[in-house]
Structures are given as C-alpha cells and as structure tokens.
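Both complexes below contain subunit A, partnered by subunit B and then by subunit C.
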Partner chain A sequence: MIAALFFYNKKGELVLARTYRDGLRRSIAEVFRIRVISNPSAVPSPVLTIGSTSYYHITHEDLYVVAVGRTNAAAATIFEFLYCLVSQISTLLGSFNSASVKDNVPVLYEFLEEVADFGYPQITEFAALSDHVVLDFVSAGPDSYQSQSSTKSEPVKPTAASVSWRTPGLKYKRNEVFVDVIEELNCIFNAYGDILSASVAGKIIMKSSLSGTPECKFGLNDASLEPSPSPKSTSFFLEANTPTKDIIGEDGVTFQNCQFHQCVRLGRFDSDRTISFIPPDGEFELMTYRAIDNIRIPFKVFPSLNFVGTHKIDYNVSLKSYHSSLTPGSSAAPISKLHVQDVVITIPTPSNVSSVQGISTTGGKAKYDPSRNAIIWKFSRLNSTSDYSLTASAELISMVNRKPWAKPPIQADFTISMFASSGLAVKYLKIFEPSNYSTVKWVKYVTKAGSYEIRI
Partner chain B sequence: MSLERRIRNALQLPKKGEAYELQAGLVSQYAFERKDAIQRVIAQMTLGKDVSGLFPDVLKNIATHDIEQKKLVYLYLINYAKSHPDLCILAVNTFVQDSENQNPLVRALAIRTMGCIRVDKIIPYLMEPLRRGLKDESPYVRKTAAIGVSKLHDLDPQTCIEDGFLSSLQELITDPNAMVIANAVSALAEIQETNPSSEALVINSETISTLLTALNECSEWGRISLLSSLAHYKASSVAEAEHICERVTPQFQHANTSVVLSAIRAILAHIDSVNQELQASLVSKMAPSLVSFASTPPEVQYVAFRSINLILQKYPTLLSKHLPVFFCKYNDPPYLKVEKLNLLVQIVDFDNYEALLQELKEYAVEVDIDFVRRAIQAIAQMAIKIDTATTKCIEALLDIASVGQDYAVEEVVSVMKDIVRRYPSTETTVGYLMKFFPRLEAPEPRLSIAFISGEFCDTNPECLSIIASMIESFDQESPVVQMQILTAAVKAKLKDADNGNQLNLDGLFKKIEKGNHNPDLRDRAFMYSRIISAGIEIAKLIIASDHLHIDTITPDLPVRLRNEFLRDLACLSAVYQKPVYSFLESKEVDVDKVFLQAQQEQKELAVESSDNGNIGNLLDIDFSDPMPADEPTGPKGSAFDDLLSLGSLSTTLPPVNGKALDTLTSSSSPVGSGTTTSGTQSNPFGSDLFGLGTQEPKVREPASHDLVDLL
Partner chain C sequence: MDRTIKAADLRPGLAALRDKRDKKHVKKCIITLKRIIACMTLPNNDMLQLFPDIIDLLDVSVPEIYKLCLLYIINYAKNEPNRAIEALPYLVDGTKHSSSITRSLNLRTISYINLPEYTEKALKVIPRAFADSDPLVRKTAALAVAKIWDRASVEITNSGMLDGLNALLDDSNITVVATALCSLIDITERTDGLQLNLDYDNAKIAVKTLPECNEWYQTYVLQALTFYVPQSSKDASSIASIIVPRLQHSNTGVVLGAVRVILYLTRYITDESTVHSLMKRCGSPLLSLLSKPPELQYVALCATVILIEQHPYVFNSEDVKLFFCKFNDPPYVKTTKLDIMYTLTDEDNYQSVLPELKEYATEIDHEFARRAVRAIGSVAIRVEPAADRCCTLLMELVSTKVEYIVQEGAIAIQNIFRRYPSRYESTLSQLFQDTDSLDDPRAKMSLIWIIGQYADRLDNGCDLLEDFLFSFLDESLEVQLALLTATMKMFLFRPAKAKDLIIKVIKWATEDCDHPDLRERGYMYKRMLTGNVETVKKIVLGPLPVITGTTQKFSSQTLDDLSLNIGMLSSLYLKTAQEVFAKSKPRKVADPNNHNTDSLHNLTSRLRHDSLPSHSDDSFTGHGSDSSRTPHISTPEERSNVLELRDVLNDDLLGLKSPQRSDLLDDDDDNDRETNQHLL
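So, the complex of A and B:
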C-alpha cells in the first residue's frame, strides 16, 4: 500500500513527509521533484512508475500531495485517500497550503499517524478522528488536553461502536437537521444553441445536530418508486418556501446513478430503494446523484463571432431565457416564477487583443477584463422572459509569431435558489430515536452552473 | 509556543546554535519548554535536517502522560531508530508499560509504534504486547495489532509464523467488529503476497459470510480490502457465487469510487459462474456507476477510465447509451482527454457515431497538437470500426485536411493508409491525398503516401510519379520511409503499372546495395530482387497479394490477459495494462540507481539525443513485454514469435537469405524485421516484406531492440 506521503510546495521543497514503510530514502522524494515538479508539462498521467516506485500525485492550492507506493497497489484507493486527506486537512486547519502546513507540523503528524497505519488507510472520518487527534491543539494549551484525557478514562472510542462514524452519547438542546440539495447543471452547447450534452450532478448535504443515535429515513421523489404523481404527503416538513408544483416537476426524478455516504445502508437501498442511515454528527454529504432526463435549463447563449481580417473580431452575443424542459413533450412545467441570480457570462477574447470597443448591451452590465482575456457580462437577476444581446468589437494586435487562438468556450455562471433543475424534491425525512424528541428540519434547494459551456 | 518563549526568542540576538538550544529545551525543567523543543525537533526533522544527535535527550521525554507529546517522541523514535538501535532498547520499557495502559488509545499507540521501529532487537519485546493486543477487549487495539502482525512478518517472517501470530491473526477474521476483520484481511493478504507458501489468507464458505456481513459495517477503506479479497476468492458453487454477487452489488452506490471499482472487481470475478439472467442484471447495474465516475476529480477519473477501458473490452456495448458523458471538456487535463478519446472510440457504434463524429470534428480544429492528432486518429478508428460510417468519416478527414495546419494534414494522411487498406473501394480519395504530398515532412505521412502509392499505382497515374520522386529523394528519407518506398516501387513494377518505365528499379536496388548501411533495407532489397528473379508470377503472389483483414487499429487485449487485469481492476497493473513484473522490479531496488537515472534523464531531456534514448531502452528490462501501456498495439505476440524463430535462424545460419525465404513464404502472419543484427532503425510497418501491412499504424520503437534483448 502507501509507503510514504510527501507534501511539496510549488518550488519542489518538501514541507511535510511521513513514511509508513521503511526502505525509502530521501532521494525517492528528489526523484519526484526532478521528474514532475520541475517539468510539469511532461507529466503523462497522475500516476507514474519510476524504477519500481510509483508516485501518485494530486495538487491542492500551492501543494503537491504525493503518495508513494512500491507494490501493485489499488490506484483508485490511493487517489481517493489523497482527496480525503486534502478535504480533512482543510477542515482541520481551515486552509491547506504550504504556509498552514508549516505552522501545524505536529498536528499534521498526529493526523497522518491516525489516518493510516503501515500504509493502510484507517479512520478518515473527521468526527471520529477528532477523538484521536487534538484538534484544538492550536488554541488550547496542553493543560486543557490533560484534563480532557483524564476524563476519557474509558474512551472505548468510535471504532468500538457499531457505527464507526458516530460518537455515542451526543446531546443537543435543540435537535435540528438541515438538508441542502445542491445541483450543478453541466451543459455543453454548440454555437447554434443545440445541446450537446446536459446533465445534473447533484448532492445532498446534511447538517445535523441530533442527540443520541438517531435512525433516519429519507424520501425523495424517486421515479422508480412512484410511476404516477404522488398524493400530497402529510409528512412534508418544509418550514417555508415549500416548492410549488411548478418548480418541482410532477414526475419523480430518474436517477442515472446515486452514490451514498458510507453511513447509508446500501443493501436496503438496493432492495427497496429506502434511504436509511444513522447520520454522523455535523455536516456530511449524504448522497450524490446524476440525472439526465427532464433537465430544465435557465437560458441559452447564442454567440456569433465575425473575424474581420486578422485585426478585428466582431462579437454579437445574445441571451435567451429558455424556461422549459429540455425534452420536448415532457410534462415538466416551465420555470415561470423563478429568478436566475448572479449571472456571469464570460466571453473569451484572444490574448493579443489591444482593446475592446463599442461594448453595448440591451441589459446587464458588460466590460472587458484584460487580466482574464474576456468580456464579462453580468446580470444580478434574470427573469423568465429575458432576451438580451451584447455587441462588441475587439481590436487585435498583429503578432510576429501568430499561434492560432484556442477559442475557449463561453462560460456561464449562475445561481437559482429554491429550484432543482432535475426536478428532485425531498418528500420526507423521518427520524427515529428512543427518546423520541422532536426535530426541526429545514430543506433548501440550489441550482448552480457546473460547467455551462457554449462553444464558439 | 508560549508568549514568554516567543519574546525570549525574539530578544535573543545571536543564536547560540540550533542544536544547542534544542538540547537545552529538551532537558528543561519546565514541561512546556520540553514540549516546545520536541515540536521544533520534529519540525527540523521534516525539513530533512539530521537531528539524530539529540536522540538521548528526546528519549528522556518519552515517559509522559501527555499523549500528544508521546506521539511526537514516538515519531522521532521511528525515524531514527535505525541509526541508534541500542538506544531504542531504552525506550522499550515505556512501550511495554504503555501497552498495558488503561486507555486503549495509548495501548494501540504503543503497539503501532513498536511495530514501526525496524530494529531486530525489538522483536523479543514486541511479541508479548502484540499477543495481548490481538486479544484486547478494545477493537481499536485489536485492529492496530492486526496490522502489527503484518509489520512483524515484514521484519521477521519466521518468528511471526512459528510463534503463532499468523494463526491468531487468522482468528481475527471472525471477529465481531468489522474494522478488525477488514484490517486482518488486509494484513493477511499482504503476508500472503510476500510469502505465498504461508497460505495466510484462507477464505472458505464459512468465512465468506462473515466477510459479507462485515462489508456493510466497516469504513470505506475496510470495504475495499474486503472486496479485493472477495475478488480473489473462487466460489465453491453457483449458489455461493450468486450470493456473493447479490451482497456486493449494493456497494455500487457507494460514494467512494474505489469502493465501487472494488465491488465491480469482485462481481467480475464471479459473474461468469452465475446464471444468465443474473449476469444481465448485474451488468446493467454496473453501467450507471461507471458513468458516475465522470464527475469525480480528474486523477480518480483517470484510473476509473482506464478501468472502464478494460470492462468495455469484456462488455463492448455496456455504455453505448452514455456516449456524451465522455465528451472532452475544454479544461480537462491532457491525460484525461486522451483516455476519454479512447473510451469514445470503444463505445461508439452504429447508432451513435454521428454524434461522436460531430464532436471529433470540433476537437480536430483545436490548437493542442497532440489532441488534434488523437482526434484524427479517433475518426480513422471509427471509420474502420463501423463500415457504414466510413464515407462520412473520410469526408470529415478530408475537410480537416483541406483547412487544417500542417500537423493535421500529416495526421490525416497517416491514418488514411489504414482506411484505404481496410476499404480498397475508397481509393477514389487517393488522387486527392496525393495533392498533399509536397506539404509532408514527417516520416509517418510520407510512409503512408508511399504505401498508398504502391497499392494504387495501377489505377492512379499520380502514384507512379510520386514513387518516382521519392526514389529521387531516396537518400534524404528516413529509414522507415525508405523501406516503404522500396516495397512500393517493387509493387508498381509487379503490377505492370510502370508502362512508361519511369521507375528505375534496378538502379534503386544498386543504390541500396552499394550506398546504404541499413542492413534491414539491404536484406529486403536482396530478397525482393531474388524473388523477382524467381519469376514474376510468384513474386506477384508474395509481394502484391491481398491484405489481411483488419477490424480495428486498436485491438483488444488477449482474453486471458484481460481477465487477469480485470481481477486487478483499479490496481496499477490494470491502469498501465502491463503485467506486474514488467514495471515493478524486485523489492530490493537500488534507490541511488533510480535517482541517478532520473538525473541522467533530465540531462538527456536537455540534449534531446535520440541515440542516448536508444541505449537507455536497451538497458531496460522490457523484453517480452507484450502490452505497452498507452499505445494501441499490433499483433505483437505473433510478430514476436517470428522474431524468435528468425533470430535463432540467423545465429545458426549466417547466409540466411535462402533459408529464411522458405520460412517467410510459408508464413502467413505479418513478419517482423527478419535478419536484423544490431540497433538500426527498422519498423514493423516498414519491414512488412510482402506488403502485407501489419496493423501497426505508427512509427514505433525499433523492433530490433527486442531482438537484441533476446539474443
């Protein structure tokens, strides 16, 4: 498995190293620096075998996070582990970069000690880890830990419990659950507005502060469960902003696939599609899913670029709200009352632009941003019947060594709140706990642009 | 760090030397100063400074109730134990005491750390705590002890087995706690791997049910090790295999890609023994999980896509409905785009090729040269794979060539040779292709033009003049192209296309005989001239015969090898699609050698000398490597056999031509470079003696290297 973990900064200096197996010398770390960091353009893949040592690397902020292995190890496991490390350390330190690493070397060593043993990943759940690692190390002095550890005279700790992700015996005055449905809309359009591919990558984030060991049951409008529109369930728990029928489609959602957090009983889901689990304390990603049917998109962009000789490009970009379902003939209602917010459309320009002139729009604000090589067109809010256009012309400097322009796609960014573009709706969340306390539950829907690209 | 300390540090004008200061801190009478000093020692250690001189002083701080400080001291110990084996023994007492501490965290910590101190002397002291740990009431300690056994085995296999640790570890497979089971399985699997005779990991029908139960309870990492052990288990009955499959499929829904891949791996190991109906349902359940990989981080995607590549070889139609998922995004890293293109070509079929063709046309006008080339290759592969798509693909290719940059033109010309070979009826394009000839500089497109000219010289008059002009510039061509020009010229002669006697074949033969130092080329010229002298009709049969049929220019792996890789799905060998021994040398590797090699390569990068590279290749132990990882391979296996027989022939029979001829003419498979003697340039395509044309579309590593390795 993993023989060592190396953390380099961008210059290739080792800021932290932890070896799990012996027989590795420091020159092993040098090899990676020479082969990858000093020559990043020649890296053919994220995993490299040099000699018989394999390097698996990912990057995060200004760091290279590298695992080293000497065996025919499971590459997928190692990459998942590295990403897990990055997210856990980011939570642990607030930010994870070479500066924060330098300031927290002892804590990180302690952390790396717990997450893997002899190169085998062990406990990577933040909640469970906090019992092993002194998380408040920086703020609290050693004395506070002393007293803490003495109270832990019988800490038969998480791994002992039947659910490794939850510490038993939690108590909260106010039992609350927040459910966030966050959808990312990934679309690729061609210049004529045809959709080349469209999908929704959604995730459901749950933040719970629940006492005891609660058993949860979670219900969605899963199309495979309800062939016909469901009767209004009485177990709706939404406090406010209950999505009206025109927001949430009549039909259920057909999931292409859903992946669950490890606390979910996968066997139950497989047999009768019930999502039941004992949640870890705090925030976690309950599930991620993918949907491609009945996706509703908020708007389309129609770019038209006119190359006038080699010195000028005329832009004529129009934007049309497009509030109905992608699939013609589907019963999903058009989006009418929704507002698309924070719309930012990034229209790329070549790098040899000397100036962009005559930017005029029929709505929104647009300006040329030389640092990003793009015209940025912003709307704070778009409503359902918007139809705007932008015209501009970019003057080009002729260059001696003219490389053709890569023509990156137009990117759009936006947020739509209380809307799930896949039509997903949370139907119920039932919580069973022996003490039978009442729980306050909240749900929120957000649709964001994932990679919303329009080719030019 | 306390405020006081910080102020003091700031005020201290000239430092008295880091080591001195640290040492003073380590023996300070104040606990906080000692702790601070330890932390700084650890920080120094991280930076690569040698602080082993402080060993005795650090060791003094081991007896503490502060777990955090203890961990740091332990860490220091692990790092420097090798250089101070004797002093380590001083710490043993603390370890043994700690292993009896009432806090399971401390007990586990002691066992874990002792295992990491790789000093033989510690073994006798380690044994007792480890044995207790395996029976500890706390699962946390037991799971640590399980890994501890694996550490012990690594250090001293004999003690580990003889003193019964292995059997205690085997008992942990039936432990009530899932995490313990998972770690025990991991440890046993490793022992098994390093020492196959130990038969450490024994899974039978009884343990299977415990493993399956534990599967739902343990952490994601535990699941992975359980699932991999299931992948290596052979079910004793159909019912058992079905049971395993049913219990494993829910894991397809796990958020961790590696768990999903491991689950697929386990299912694929048993899928062939279950009934048809279940097989179909399992396969259909697999598809959505594979698609979901497309939304993971790029590095994970890379591994996942390499795995999908293998799975698709077994189930080619699995993802045909999901083609657009694998379209390249603008900001995908280059390695991912390459993998996506490979998958797209694998997935594409009669129903969805138009969408892909549209997409590939877009890729072909991007600016990344390598990506454009690969997109063009992908179009060619599509043309060869789906015969109804051919016309549209060729149209697209010619469109690209008519507007594209030189590299695009060159690539189009290069791939066209495979298409016209597959569909001789498409020779109508030949005349058009010949127009590009003056723009071509790289060997590969020129080789392609030479091949096409040789093939179609009887129907296309331009071809003849092209061959003639290539003969003119013969000495400037690269060796692979020279080979092909020779073959083309001979073909033209045999096909009686050369009415006007434009081609001076005898002159060419003479030129090669006299002035060329490439033995491959000379041998080929000799052979051709002798075959021709044996009779035109025979020569026609041999040299200008029909081609072997090709279905693809990216052939699948042989089934046995593929299944082997599927069993190791998501492991390195499956990612590289190379057998383990081909990229992992024995365990004892000279690190310095690797280091020097890396430095050497860096220098070479600067020099960019191909000769050096070739020498490096010769030194590499890569012979009998049937599967280069990232390039489409031709029928290497068969070519290799030919090499073998010819190679041995050439050693026993120096004047090989006459004898080899018999072998060659009776052999129907594409023949590799026949009588190569040393590291000269030759190419499988170019050395295609009889114009049979191998499936090799690219200029590759000279085959002669393999031969040299063999001899």
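So, the complex of A and C:
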C-alpha cells in the first residue's frame, strides 16, 4: 500500500524518510517538494498524482507528513494512518515538529518499521509496541509517554494478541475513571439570527487507571432505548459536576450516528445498543457522535453593519443570551442557569482599516486587533439574563486596487461547563473485573463552540 | 545535528564496545550508533566506511545495538552488497533465536533487502517460519512472501510457498489470517494470472474475525471480502448484515471499506427492500465522517457522491444542511460539498438550499462562485417548484454586475428559458439592461439565443442583435452560428426591421468565413429565404425538445468501477481505476451464474478476465475499461492538462447543453446528451 513515508519541514528539506518498497528513486522526494511545498496556496487536492506515483499529504505544525503510493490504494486508510502516526508520535515525544524529529531519528526509524510492515499498517498503539521498540527517546515535554508510564508494571508481550490496545497485568492502587463528555456546537446563522444549520459533534473521552483487564459497560440516555433501570452494582460518585435536572433533556438524546473506538464491541451495539468494551489504559476517545435534534443554543449574535460610502463602516452588534430551545419542534425544558465562560466574539474587519474608533459596549471588553483584522469582544462570563451590544466605527483607507471584502463570518468561541448541548447524560458506567475492586468515577460535561458562525 | 561528523571520528566509539574495562562501553557504543543513524539522512554517504565495523558488532547480544546495526544495514545494503552479504549468516542465525521478536525482526530484514543472496535465503527461511509456534513470526512470514514476490515469483510458485500462505488462512490466530489475506491481495493485484476467490465458508470465517481485529486488520479483511462471489441472494445478505456494525467504527478506512463491501454485495441481493435498508444504514456514518480532518472529509465526500448516484435515497431531505460549506473548508472540500448539495436538492429542501447557494455565489473565490451560480440554474431545471425562486435569485445576481457572475447567470437563465418557455418573459428587458458587456463566448451565445427565441417579445431585439453583430467576424464559431440562427429568427418575426441584418449576416457567413458549418448554414438560409415563409417558419422556429437536467453524471461502466473503489484513490478523481492507473488490474465483477467454484485454496494461474462471457443485459458484469480508451497520463504537464480538461467539461456541470447549433439540427443531437460523461 504505502511505498514510502516522508517527513518534510516547511522549507522542503527531508527530515526523515522510510521506504517500504523497492523501485523508488530518490528523486520522488524532490517532486513533492517542487509541486506542493513550493506553492502551498494552489493545492487542489490532498493527493498529488503524477504518472503512477501518488503523494498523500497532511500537515502538522511545521511538518509535512507524506505517504507515497504507486497503486490504487485505500486513500481513506492511508490518511487515517497518517493522522494516527501524528498522534502517536506526538504522545511519544511530547511534541511532533521538525526539532523533535531531528532529536529522535533512530527511534522513529524503529517505530516506522514496526508500525507498517511492507507499507501495510499493523499495530500502531505504542503501548503494544513498547516491547519491540528497544530504543529510548528524547521527549520534549512533561506530557510525553515516558512520564506517563511510570505506574506501569512490566509489560507482557502482546504481539499478536487480539486485544492489542491493552497490555494485561496492570496494577493501580487507586482505581479511577474520568469520563469527559465534550461537545462541539457547530452552528451557522444568517444576519437576522435564523439558524441555517445546527449540529453537535460530541465525543466522550475516557481516562482510566484500572487494574487488570476490566470489562466496562456504558449507558447513555439514548432515546432509542426504553428507559434503562438505575445502576445497581458499583458505586457511582458524581461529585460537584453533576448535571442538574433542568439541564438534562427530558426525553433521551437521539443520536444521528455514533462512531466508536476499536475496543468497543460493535456487534453488541448493533443488536441492543449496549456499549461494552475493554478500555485501553490511560486516555482514549471512546466514541464520537452527532446530534441534530433538540440542540440548546446559548446565545445569538445580531450583527448590523452600515457601510458609509467607502470610507467607514459602522458596526452595531448585539448579543442576546437565549436559554430555551431554538430548534423547532423540540421538547427540551428551558434552562435557567448556564455557565457560559470565556466568550470571545471575533468581528471581522476589512484589511484596509486605518483605525477603529468609538468602541463601546454594554458588557465585556472589546478591542481592535489589527493583526487579525478583527474586533475582539471578550466576556469572562455571560450573564444569562442580559443582552449586550457593541458599537464601533471603522475608518477605511481608500485603496487604488480595491479587492472586494470577503466578509468572513463572525466567529464566536465559548465554553459552557456542566452542560451538554444535545442533552446527553451518562446514566451508568459499570465495571466488571474478576478481583471486584471498587472504582471512583467522575463525569464532566463541557460544551464548546465548534464552528459557530454568524454571517454578516 | 553536526554536519561535520566524519566517519573516522565515530569509529572509536564503536570499538569501545570491546573494551570491557569501561563500564559504560555499551552505552557509548549505542550513542555512537545513534549518531550514525542520525547521519543517514544526510545526502553524503560518508557513513558507508563504517560498514565493516557494523558487521563486527552483529554478534553482540545487546538488543539495542543489534537493532541499530540492522537499521544501518537496511539503509546501505544497496550501496555495499558484498558487505551486506557478510551480515547474512548472523541474520539467518537470528531466525532461530529463542525470542520471537528477534526471529521476526531477522525474518523481516532478510526478506526486505533486495539482493539475490538474501532472496535465496529468504526462500528457505520463510517456509520454516510458516510453522513457527509464535503467531508473530507466522504473521511476518505471510507478508514476507509478498515482499519477495517481485523478485522470485517463479520460485515461489514452484516451491509451493503459495500453498503455505493459503494454509495460513486457517490459522488459529486472527492477525495471522488477516495478514495472510492482506498478502494474498497484494500478490494477486500485482499479477495478471492470479485471482483471489473466497467462497461462502471462507467469507463467514473472515467476517467473524472482524470484531476481534484491530482497525487496520479490519480494513484488510474488508478488502478481501470484495473478492467473495456470493452464490445466492441469501448468502450475500447474510454476510452484508454481519458487516453492518462496522459502519460505527471510528476509522474512516473501516467505514468506507464496509460501505464498499455492502455496495458490492447488494449487486447479488435480489430483494429490493433488503438492498434499500442496507444502503440506508450507510448514510448516517458518512455524515459523521464530516467532522474529521479535511483530507478524510474529502475521501468521505467523494464516496458520498458515488453513493448518491446509485442510491439517492440514502440521505433524507433535511440532511442537505449538513453539507453546507464552512468558511474555512479547503477548496476541494467545498466544491465536492456543493456538488452533493445540488444532487440532494429536491422540492422539500430547496427553500433552505437556495439562500445558501446565493451566499456562495457572492464569495470571493471566483471558481466557487461560478459553480454556485451554475448550481442555482440547474436546480431550477430539475426541481420545478423552485424555478420561480431561482429565476429571481439569478436576476438579482446578474444585477450585481460582477463580471463572472453575470456570465454564468446569463447561461443559467438561458437554460431556464429553454426549460420553461413562456414563464419568465417579464424578466427579459431587465436581463438585457444588466448584461451590456460580456466576454465569455458561452454567455454571449446564451443571450443571443434568448434574443432569437423571444424576438417577438423584445421590443429592442433588433438593436441588441446589431450590437452583437458588430463584431461578428471576430467571434468564435459557436457565437457566429448562434448569431446567424438568431438573426434568422428575428427576420421571421420582424421581417421589416431585420431584413438588412439578415442579408448582411448571410453575406458574411457565406463569403467571409472559412468554416464549412457556418458557410453551409448560411447557404441554407439564403435558399430558404426564397422559399415559402410558412415552411421556413416551421423549420427554424420548430418546437424544441424539453431539457430535463437529470442526465447521468457517469456512464454505467464508470459508476460500476467507482462503486468498487469507494475509499480508494481512484474514487477521489471520480474516474475508473484504469484511467488513473493504466497498469492497474481490471476488476471484473463475476456473474454468480457463471461462478467457478474454486475456493480460496486453489490459486493456480487462470486467465479469468478473458474467460468471462459477456452478458449485455447483466448490470453487474462490468467489463473492465479498455486501456485504449484513455492514454496513460505520464508527464506532469499532461496531468495538469487533464485537470484543465476536467474543468472545461465542468462547465456543462449537469448535462445541459447550450444550444450550439441551429434548432434544425437539435432533434438529432439531443440523443447525444445522455451519453455525455461529466466529470467533477
């Protein structure tokens, strides 16, 4: 599948190269540099095919990660593999950029050899490969693999085991599980406040330090199930992060689709919607899901731009906090107290602005940032009952060649803790392990702004 | 990384290993070796001098040192084959080591290095490894066969190693099975005479292993399942239903692999409702893939394009909103989303789609804005209730007087007039006010056609036509033809005013122009002018066939091939695999009635692709495309030309032919429209 892997830096120098197949000339590395790195703006596709050689490329920080193929290969798998490499190497070395690669060439060669045999990805979890990769590495930060693995005992060879994501025989003094429900709210509004499209892309991240090989069962308020019974077995602490009744949706959540980590038994989910799995050690993304019904939106922005000739724009932007459901036909209860924090509204301005005068707001702080061509309006905390507005006036320099302004949308960024915009709630998390230890479980809900665009 | 490190400086570091007095001798040696490896990426081959020293270190039992030496040897074996051969005995010994990791490592290295002596040894070592007790070694052996295939295919076939590989498919360990499948697919795809076949039992075993494998092995197993030919509809649907849970996987490769297999199996399922429900299950996962990084989104979007061509019901009406473009999407993602949005527009959702298209038409990116305008026009043709709104939108856009918008808008409006002949005449005068100076020949042709068609409704038609005629001799052929026809029509409606014009134009066409088509038409009109007016009117002003805008985007053969390649590279170009890679093996989808009951265990050479009879009415006997159809694209210039060609063909995005020839000839030409292949 993959004939070679190349890592280039932004200047086009080859930092690392690993070939898996014969018959490749050195010049193929040059071709990529000339065609893609030299003119990055004209990239028509993430794959460049010249003759019978194709270059699948992604970028990460200051590196280009390129896979070269010479056949009609599975493009989806190759891109997934590239992203997987990026995340594994980042975890391994603490960061993945040209400096960290330069410091760790030998171990990366080893890693690349173990990870893909003859260009076919095999096992990519570093935990499973730790026995194969004998060299140690220079880690760039406290988050790297070495510092995390201090509590691990001697790993047993998993090699060709089917549970390749978990090494057996782990032991922890305190068995803990942290479940983070992180939702990203993606909305597009038009200038009048109508919702053009709204969806929630959520993911559930689980961080576990559990001994042995536990079987876990995870229950959500999935609307397609009948109401499930209350949890019986192990105790279920929910500390201060409990979602209160008026935040959870009354009916369950209807998922449009869920995608699961490879450890989840998909067959069982398909038959009776139970999510059962053996979790990998440490942090991993259990599932991602999508919801489009009954989404609660924290606020709306109403922009009003007045173009006075070609030399001035008057901005009048109002923000309305809004706490009942806005999607039509939903039955979710209105929320009384939402903790909307770290709100940043980015109001774009044209690039030929000379100055922005008279910025006044009825709440929050606003500042014009010339480097980003935008007025940045910040709130540390939004009061759920008030409305806010901002007025400003931007003076424009008249230019000879006036390119029309692209009018990028207003972007909003925020974080809402203890709130899941789709109404999802974790009902139970049961852990079965032969030694039957007790586990401390924590659940946290966070809703963040994904791509929250308000068109001007 | 010092560039001034010389090989000679590093030699002492290597030799330090032998110096047992130094407690840190191992560490020093390792550090030196790491520096050597780090220098391997440099273009000079200075480190080659150290080859003998490296060979000396191979008998050391420190795993780090051994591994580093192997990395060195792999890199430089080509440059110094004789030295590399010296290392061979150590490697062969290593394949008998007690640790399975070491055995596997050595086996891998032996099969990787491309030297005749190595290949010879590999042929001996691999069959031994097939019987190894550790699954890791067996797995490495499976892939090793594929590695040396190119160099030693004859020896491999003769020695029965392929049978050994086949036997691994019954292995107790699933990763070995999956790797063996992977290896077999690799070999058979590269070799013309071999074909992989699975029967029902093999397929069932393979499918049962899916939940236990890790994500990459799942992709190999799924790929292998596309080589299974179901014998009955029941078999096909049972395998398909077991695969359906894979659609919930987080890895795009697994999801698209599952979609590919399910789509393939639906060819053999006779029950419509089963097919329907299976395909419906594929829709939602594809939508979830839209939250992945842009490259993966792009692959998923191309898969969506292919899927909705065959099974448009996969998505609901309201799902179209999820394909709305975000501002920061890269251009290739936006273009594909726009295309999908267009295809999914129907009478229920056009109200939300059209404002969105209008937004896109006002974007800065010219190319994208043009496509959006084209899409609006095409929606009007295809979705009748939307036509009014589309027409209003287009008039608004044209009135913005932005050049490229006006041109595209003109073409789109002409298509609307063609489709709904008498509906929008009120907008005519407004249209001509807004479109005074145009460059694009297609836009001119559109307006000229409108003038000709509605010559009786336009008061100032003659003046408009005169403006266009001013530059008649400088125009391109299509514009000249359009002008000729339009002037003829104008004359028929308003003989008094247009008399001078028609005489002038015919004179130009017949005397001053070189092109035979134009001249012939000029002569024909000249003669018609002397004939019976009524007959002439019937000919020139005859009714036009109604255009529908529902032409197929791809020919059925292309679509066949594309659906077999969902998630693969060729689907990103929306062309058949043969067109993208001329050397790729043509995929024949076997007709089950003709199925040879060879099981997986019988891989002798068979020239299958020649022996399949052709069933002209069978929709799933896909004939591989002739390699004579499209030349192999070899040079970068040619490839960029192809891309430009695609863009040009794009203009006829949805199969609407602008009338380029006179109405007289249109009746025959309209049949051609159905076979027009349109590329994205």
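Observations
FYI, the second predicted complex is superposed on the first by the 413 of 456 C-alpha atoms of A that agree within 3 Å, B and C clash if a C-alpha of one lies under 4 Å from a C-alpha of the other, contacts with A are read in each partner's own complex, and residues count from 1 in each chain.
Criterion: contacts are C-beta pairs under 8 Å (C-beta built on N, C-alpha and C of every residue); 3 or more make two chains touch, one makes a residue touch a chain.
Given the structure is predicted, the values throughout are model-derived calculations rather than measurements.
Of the two partner chains placed by superposition, A:273 touches none, neither subunit B nor subunit C.
In the superposition on chain A, contact is made by A:25 with subunit B only, not with subunit C.
In the overlay built on the shared chain, the residue A:406 is in contact with subunit B and with subunit C. When the shared chain is aligned, no partner comes close enough to touch A:320: not subunit B, not subunit C. Of the two partners subunit B and subunit C, it is B that touches the larger number of subunit A residues. In the superposition on chain A, no contact is made by A:378 with either subunit B or subunit C.
Of the two partner chains, neither subunit B nor subunit C is touched by A:207.
Counting contacts by the rule stated earlier, residues 1, 14-17, 22, 35, 43-47, 49-52, 54, 56, 58, 69, 71-77, 79-81, 83, 105-106, 109-110, 113, 117-118, 120-124, 132, 134, 157, 159-160, 162, 164-165, 188, 190, 196-197, 199, 201, 256-262, 265-267, 269-270, 285, 287-288, 290, 403-404, 406, 408-409, 451, 453, 455 of subunit A appear in both its interface with subunit B and its interface with subunit C. For subunit B in complex with subunit A, the touching residues are 31-32, 35, 39, 42-43, 46-48, 65-69, 71-72, 75, 82, 102-105, 112, 115-116, 118, 138-140, 143-144, 147, 150-151, 177-179, 183, 186, 190, 193, 216-221, 223-225, 228, 247, 249-251, 253-258, 260-262, 288-289, 291-292, 295, 297-300, 302-304, 307, 324-325, 327, 329-330, 335, 355, 359, 362, 366-368, 405, 568, 570-573, 575-576, 580, 583-587, 589, 591-595, 597-599, 601-602, 605, 630.
Every residue of subunit A that touches subunit B in the complex is listed here, in rising order: 1, 14-17, 22-28, 30-31, 34-35, 38-39, 42-47, 49-54, 56-58, 69-77, 79-83, 105-106, 109-110, 113, 117-118, 120-125, 132, 134, 137, 141-142, 145-146, 149, 152-157, 159-160, 162-165, 188, 190, 196-197, 199, 201, 255-262, 264-267, 269-270, 285, 287-288, 290, 403-409, 451, 453, 455. By the touch criterion given at the top, residues 1, 33-34, 37-38, 40-41, 63-64, 67-68, 71, 100-101, 108, 114, 134-136, 139-140, 143, 146-147, 150, 173-176, 179, 182, 186, 189-190, 211-216, 218-220, 223, 244-246, 248-253, 255-257, 284-285, 287-288, 291, 293-296, 298-300, 303, 321-322, 324, 326-328, 330-332, 352, 355-356, 359, 363-364, 565, 567-573, 577, 580-584, 633-636, 639, 643 of subunit C touch subunit A in their complex.
Against subunit C, in their complex, subunit A makes its touches with residues 1, 14-17, 22, 35, 43-47, 49-52, 54, 56, 58, 69, 71-81, 83, 102, 105-106, 109-110, 113, 117-118, 120-124, 131-132, 134-135, 157, 159-160, 162, 164-165, 186, 188, 190, 196-197, 199, 201, 256-262, 265-267, 269-270, 285, 287-290, 292, 403-404, 406, 408-409, 451, 453, 455.
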